[in-house]
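Below is the structure I would like to discuss, written out as structure tokens.
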């Protein structure tokens, strides 16, 4: 077991070192690259913590989507970087801030180390009720059955965030196309990558959704990979983003939450409570919700990265 | 066997992490991105080794996801890297 | 038979780990961006390839083995394309030191 | 000292590091980055709590793990909104920082 412990120690030290670098780096672009590496390493930590579902989410969203979002932003903000760096606070303030943060970290560490033993857990309850849902993955059970309300509201949060991003567009561009127009160049390896990767990526995304019922995976991870493939094709200029005022686009965006909500309401007459599933139909209902959710999540995540409309809508 | 695989995973992790020193010294952003790319491939190898060592077969799926995401992030990096089509670049 | 397979796994995984070491050393020691890229691709192709080869006897069933091979093939294709992209950026920015 | 404790210490340190970055970096983009580090530290602590709750044949308590998945998605949504706000600020004013002193009159920036 000493080998396992050594592995974990190495991993923890590397994660902390990369995190420290992203804070200390002087160049913002370099710091963002550090953050992408940090996301990859964090996925390893989650595997070591026996949480492969979280590892998948972290790899796809924490490292991939957030990293790309920040990479695009830092490229556009490059002109303003030098001016901003000049406003770094003095050594005294940094020392005070560092001391305060160290105290907070130490207090957190102490409180985690002093947690009651044996630890309180809901694992037995989650495992005991899993057969009723027909699922094999307890995480999917928690997300879509036991705590389905959280998941439903999280979808609403995603939609609200997207509305917030869209409403940052100037009035004349409202309802227009997000992002700048890109032209595909035939000899660009990026175009080749954008033709090569999506077919594989889409299969992997659908695979993660499909196995999510019984093994690690699910709507979030699958949706995130689908969104990444869409963004890749967008970056290479192979496709263009649709105007955000398109009705079919709006329908895809709200389809997931609406279907989820409708099935939840149907729980009142059929199973006696909001978001309760009739026992015999629990698994098919959950799978229907997951499939529609995956589409909506992919569309929302992709449009969040694409940003607010920057080109005027085409004449109707 | 499991112990050997875990040790190999630790070794690979340690080596590619040493490569991260390239993120520190650069000098160009391309060099930094190369270190991240090496970390991505190394991370995939570590995940595959972990999957075999601990019997957690889902780690292979994580490796698959990591492979897609690493290529995706590299593409975004190339789009954002400083270059002649970027007026605000000071050539390094 | 199983001993022979075990020895095969140990050898292949060790060789793969060696190529990761070689790639890292190259990344740290080579003088310019393009030679460093060359070192990096060795780790991508051979390092991961040998690790996958060594893990094949341990895979659970043909499907598990297929998945390992798919991961490697995918990294090969994506790695080759990404190397092209990185090389172009290196060229665009100019030789760095 | 078990591996779980190791990651608990790491998570706490990440929270401290992230908080420090949020405080001292003048650039909002760096603040967003640091905030993501802070968040991932908190998620790691959740992961440690989940791992401690291993029982009933499960390697970890699935409830905190599911909450972390929800948290990662919400953190991404918040990051996207923050980045969009920052880009808009840059577009309007030509700068990517928020004034710390009394704000200049609207539109007075060159």
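Order as written gives the chain letters A, B, C and D; numbering starts at 1 within each chain.
Assume a contact is a pair of C-beta atoms (placed from the backbone, for glycine too) under 8 Å apart; a residue touches a chain by one contact, two chains touch by 3 or more.
In this text the structure is predicted, and so the values were computed from the model without any measurement.
Averaging Cα atoms per chain gives one point for each, and the point farthest from that of chain C is the centre of D.
Chain pair with the most C-beta contact pairs: A-D. In whole angstrom, the spacing between the mean C-alpha positions of chain A and chain C is 28. Centre-to-centre spacing of chain B and chain C amounts to 11 Å, using the average Cα coordinate of each chain. Separation between the centroids of chain C and chain D, computed from CA atoms only, is 32 Å.
Taken residue by residue, chain B touches two or more other chains at 26, 29, 33, 35, 64, 68, 70-71, 75, 78, 81-82, whereas all remaining positions touch fewer. Shown for chain A are the residues that touch two or more other chains, namely 4, 48, 50, 74, 190, 193, 197, 200. By the contact rule set out at the top, the touching chain pairs are A-B, A-C, A-D, B-C. Listed in rising order, the residues of chain A touching chain C in the complex are 189-190, 192-193, 196-197, 200.
Across the interface of their complex, chain B is touched by residues 6, 9-10, 13-14, 16-17, 20-21, 23-24, 27-28, 33, 36-37, 40, 43-44, 47-48, 51-52, 55, 58-60, 64, 67-68, 70-71, 74-75, 78-79, 81-82, 85-86, 88-90, 92-94, 96-97 of chain C. Residue ranges on chain B touching chain A, taken from their complex, read 3, 6-7, 9-10, 13-14, 17, 20, 23-24, 26, 29, 32-33, 35-36, 39-40, 43, 46-47, 50, 56, 58-59, 61-62, 64-66, 68-73, 75-82, 86, 88-89. Considering their complex, residues 1, 4-5, 8, 11-12, 15-16, 18-19, 21-22, 26-31, 33-35, 37-38, 41-42, 44-45, 48-49, 52, 57, 60, 63-64, 67-68, 70-71, 74-75, 78, 81-84, 91-92 of chain B touch chain C. The residues of chain A lying in touch with chain B in their complex are 3-4, 6-7, 10-11, 14, 17-18, 21, 27, 29-30, 33-34, 36-37, 40-41, 43-44, 47-48, 50, 52, 55-56, 59-60, 63-64, 67-68, 71-72, 74-75, 78-79, 190, 193-194, 197, 200-201, 204, 207-208, 211, 215-217, 221, 225, 228-229, 231-232, 235-236.
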